[in-house]
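In what follows, chain A forms one complex with chain B and a second complex with chain C.
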Partner chain A sequence: MTATDLRRLRAGLAFTAPWIVGFAVFTLYPVVASLYFSFCDYSILQRPLWIGLENYRTLAGDDVFWISLRNTLWFAGAAVPLGTVTSLALALLLNQDVRGRAFFRTLFFLPSIVPLVASAMLWLWIFNGSSGLLNQVLAPVFALWGGAPPAWLGDPAWAKPALVLMSAWGAGHSMIIYLAGLQNVPRELYESADLDGAGAWSKFWHITLPVISPVIYFNVVMGIIGAMQVFTTAFVMTGGTDGNPARSTLFYALYLFSSAFYDLRMGYASAMAWILFLLIATLTWIATRVAARKVHYND
Partner chain B sequence: MTTRAPIGQRALTYLLLLAGAVLFAFPMVWMVSTSLKPPEQAAAVPPTLLPRAHYAEIDGRRAEVTLDRELADRPGWWQVTAKDGARERRELPREQIDTRIEPRWGNYPEALDEMGAGRVGFGTFLTNTLIVCVLGVAGTVLSNAMVAYGFARLKWRGRDAFFAVTLATMMVPAPVLMVPLYGVFKELGWIGTLLPLWVPAWFGSAFNIFLMRQFFRTLPEEMSEAARIDGAGEWTIFWRLVLPLSTPVLAVAALFHFLYAWNDFLGPLLYLTRQETFTLAIALQSYQTQSGGVEWPLLMAASVVTVLPVIGLFFLTQRTFIQGIATTGSKG
Partner chain C sequence: MFVAQAEPVRITYWEKWAGFEAEAMRAVVDQFNTSQDRIVVDFVSISQIDRKLIVATAGGNPPDVAGIWFAQMSSFADRAALTPLDDFIRRDTGSEPTAWLDANYTPVFADMQRYRGRVFALISAPSTVALYWNKTAFREAGLDPEKPPRTLAELDAMSRQLTRRDPRTGALLATGFLPQEPGWFSYAYPAWFGGRLVDDDGRVALAGDPANLAAARWERGFPQTLGVDELKGFAGGFGSFASTQQAFFTGRVAMVFQGAWYDRFIARYAPGLDYGVAAWPEAAGREPGPPGQAFTVADADLLVIPRGAAHPEAAWEFIRYATSANLGATSRDELRGVELLCFGHQKPSPLKQWSPWFAANHPNPNIGVFRRLSESPRAWHVPKIGVWTEYLREYNAATQRLRLLLAEPDEAWDYVQRRVGASLERHERSVERQAGAAVAESSAAEPTEGAP
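Moving on to the complex of A and B:
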């Protein structure tokens, strides 16, 4: 190494020094340690004790683990499509030549920056079975057939759907990303389609959708990653990590959290974390495979 | 679009926009509306939007009353209960009850008082939250800008490999890091303090490094070369030339971190053990779960208080906000 190389290396390391420490302490060490703990009996109070694959074997036979996994996949399977359709639909509406665009855009966007704990309180109130706004509106409708609206968060069959509905309220964030994508669609494409006499639907299907497909791919992947780790809303709205009622909202991250920090089964929780990592990686890979066939990149 | 859509299609667009506006805005309107109601009106059937107050003459004095029920045998007459004193009941004709629209602003101080359960003031929660937000934002901007400069504007051996590793770390989901990080902070004796919530921001994060590096790379290299010929060191170029030109990207990183820190619930839940150290997010949650339950109007008032600063921040920085999301979305 020449003197210049060495000087450059020193400068490079000096500027990246914060991240070298941050990478080592807050990323590399935790990743390695968590993998190691996943093969250990570890309670943080004592030193980790190597037990091989025992945690993974126990997980395979742990009913609660499977319930939490099923609930989480259910939630992601409903929330990601609903969120995608909602945010794309809002973006398409706003992409028209309409008055008050900025006003509507602000209105749709704001709920997505409301702190999760506060929006959880709000929806807890709206979903309240007896005096919540939603059921006050629905009760007369259900009464026409002599029925009553569901108790939402109080009913094991309706608690997850309630959380899914609530998650669509935060669609404003991805709406902004879609809107930016839609503004990149070249106008000439629409103009020539108009000359060919294409209808609105065929323009959407053959022009808009292919051009914004990379944006859809990005949002779906981010959506999956977020939904698989859903925690705060469920924790606040169902009163902790039990997944009330009847474990219907016991999500993966809740079970992982309670295993680690309430039961102090840190090795067990680490094994769960690595399974989650693999699961998210697999889902992302599947999305990427689908994208490879459907997504159209311009460059 | 150049050709105007047919009138029917435009009408449908506005109809859908209005429907969407109602669905997205009404929950927030409801939150504010509930926060200004007396408890017995929050669950009124049918629901009312505006908070009301009822007054009646009781024993020659004017008192605020609750409308309990209309009398079955005497239509137009209501049973009312005075809110103050001995809570006397009276039966009065509706005309003698003076009803006016009156927001109950007192819910706000009451909720903020109760949040701390009398021991810790609301001011403490706000201060804690601001400490975490402001120190975190300062660390995010400084550390990531430095590191991104090292990756974007300097050439050194191993740089590209290290950057590739940096990008790869973005794939690791937070739960994988959670247990060992807790161990690290426990070793450092930081559990129960605010330190785990802002100190890591001073050591860079892959996403922000990536974001800033992209921006720094667009600045002309000749500018740096000219400064080097004039004898400027790298730190001077970074501090005097690159940083001032990069305010848009620094603002985006700052804004997003502020929002993240303000909203974060899992972090405070993990690391904060005493009420004196609580941030607003966790204080609000613990207020809701406190023994005896909380009246909905008070809970909504406390929620509005945690939401308002975020909404205010949005209106102050709208352009940065929207452009930040649009660029991080399409480039990430």
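Moving on to the complex of A and C:
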């Protein structure tokens, strides 16, 4: 290494040091420490005491852990496809050459920059069983069959679907990424398809989807990661970490949080965090394996 | 000759309350700060105090004094997060802590300040819970507005009479009582029925007890009578507690269990509401008696010195001031410490003796009911166990299943018993393990005999 290389290395390290130090102190150390704590009896208030696999063994027999996992997988299984379809559909519509396009793009993007807590408060009113906006609209429809609309957040059968519906509210963020992807689809592909007499559906299925498949892959993976960690909306809308009603909205992150900070079982919560990490890593790996066959990169 | 005056010790006090409750405590802090020149208390009203206190204590930088809930004391004490106050009490009062508590506090409040044979906290503001009834709703339903229910049977009968439905749709418009509205004290229903949540040995005792099962059957009776779906829609329309749309304020639910603080909420959100306050109706099969013999739920705000506090002596001096009273007070200006605080909170004092002026001029018109309830030998508080937060969560989840008719009473209570019982065993093992580690650590730190 020459003196110049060494000087450049030092300069590079000096410029990246703030990030490296921040990463090491605030991310790397907590992550490694949480792995150690997951094998410990640790309340945060006392020193961690090594107990081997006891936290993991207890988790295996913990009903509420399995309930929270099932609820979370259910939520992710519904919210990710719904979010993907909604945001892609919006992006396709807003990619058309229509009047006021910029206005509509802004309009549909706006909800995704509203703070989650504020959105949750708004949706609490929308889902209100007796006077909510949604049921005011649905009541006359249900009345045609002599029924009544669901109580949404008050009904264990409908509370999770309600949160899934609400999750589509934040589709604007993915929509913007899809829009960027759509604008990268080469026009000449559509022109040659037109010459071949392809219809709108054929062009979408054989040109648009393959070309934007890396974008879909990215959004789906990010969607899975986000959905597996769902917390804020459920915390605000369904009774803190209780997952009301009757634990129908008790998601994994809520149970992890209550174990750590209400029950003071930080070791147990750390074990949960590592299981969640492995689960998300597995789901991402599956998505990547599927993507290997279905995603087309422009290379 | 010039003598340099020593700088006063500054201590930090984190309090969980905001609003009028925080202002009442601020007045006590100001009074303490002006009463002497050795200690200055910096008062900070702080949200989510439990989590922040845990992190600050774990980090070795806690406040000197913290205001926590009674329900948190056992868990914090088991995790060695609190400084025991026994030595301070012995030194300053010349009495054993238990004897001193018994001599000065109403029995239920004296008991609440003891845990595992030690004192980890003193009460700043206590409360008891009573039945509030809406006299206007009683009148409209053809009931005597001056006669609240005295037994559970009367409560149920009046509740039925107070129930109104839309004549066209059959939808519920109002009812007399709902266990879940606002449901803050539903964990007390088994004890109200004569049962218990833990036995004398501190083990979970929810399942199998006939009284506990009777309480569960009673709760389950409401959706069975009124309809599960009707109740979902009805309860879904209630406004939040601190709003004009709260069910009691709008007359949709005519009777609720609430504490002494409720009077202030009524004055703010439903001024002019015609209401009364009475003891809990008798549910344990006894003859109804006066409030001084009735069941009630006792609760309290506590002052603690977190482990590792920088100035424990000064913290104790403030706590001692804030939890004592001037029993000879003859005006508001002469109220001191706990009486000044409880005057602002509109709550009863936890002390056996009240100053005549405090008792006669208390801003809560029903304070007499709450005082007599606190003196009742049947005043009940939540169990002092280290896993209470989990117990409460499991209990609430089980009662939701009862109210949705998703579980039978014995099934619901068996499930809670099994889960919380196992959790309590794990907790006790952990407490022993940590205590063993602490002993081993202190033994290792001591020099061995003959060592240089």
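Everything below uses one rule, namely that the second predicted complex is superposed on the first by the 292 of 299 C-alpha atoms of A that agree within 3 Å, B and C clash if a C-alpha of one lies under 4 Å from a C-alpha of the other, contacts with A are read in each partner's own complex, and residues count from 1 in each chain.
In this text, a contact is a pair of C-beta atoms (placed from the backbone, for glycine too) under 8 Å apart; a residue touches a chain by one contact, two chains touch by 3 or more.
Small disclaimer: the values here were computed from a predicted structure and weren't measured.
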item: Which of chain B and chain C A:Ser131 touches, first, second, both or neither; value: both
item: Touching partner for A:Phe261 - first (chain B), second (chain C), both, neither; value: both
item: Partner chain in contact with A:Ala200 - chain B first, chain C second, else both or neither; value: first
item: Touching partner for A:Thr282 - first (chain B), second (chain C), both, neither; value: neither
item: Partner chain in contact with A:Ala148 - chain B first, chain C second, else both or neither; value: second
item: Touched partner set for A:Ile44, first chain B, second chain C, both or neither; value: both
item: First, second, both or neither for A:Ser192, with chain B first and chain C second; value: neither
item: Greater residue coverage of chain A in the superposed arrangement, chain B or chain C; value: B
item: Which of chain B and chain C A:Leu107 touches, first, second, both or neither; value: first
item: On chain A, positions contacted by chain B and by chain C; value: 44, 128, 130-131, 261
item: Interfacial residue positions of chain A with respect to chain B in the complex; value: 1, 5, 8-9, 11-19, 21-23, 25-27, 29-31, 33-34, 37, 44, 89-90, 93-94, 96-98, 100, 104-111, 113-118, 121-126, 128, 130-131, 133, 136-137, 169, 172-174, 176-177, 179-181, 184, 187, 190-191, 194, 200, 214-215, 218-219, 222, 225, 228-229, 231-232, 235-236, 239, 253, 256-257, 260-261, 266, 269-270, 272-274, 276-277, 280-281
item: Parts of chain B lying in touch with chain A, wherever the complex brings them together; value: 1-5, 9-10, 13-14, 16-17, 20-21, 24-25, 27-28, 30-31, 34, 42-43, 45-47, 143, 146-147, 149-151, 154-159, 162, 165-166, 169, 171-184, 186, 200, 202-206, 209, 234, 238, 259, 262-263, 265-266, 269-270, 280-282, 284-285, 288-289, 296, 299-300, 302-304, 306-307, 310-311, 314, 318, 322, 325-327, 329-330, 332
item: Chain C-facing residues of chain A, complex; value: 41, 43-47, 49, 51, 58, 63-64, 128-132, 148, 151-156, 241-242, 244-247, 258, 261-264
item: Residue ranges of chain C in contact with chain A within the complex; value: 50-51, 54-55, 57-58, 75-76, 79-81, 229, 232-237, 307, 387, 389-390, 393, 396-397, 400-401, 404, 406, 419, 423, 426, 430, 433-434, 437
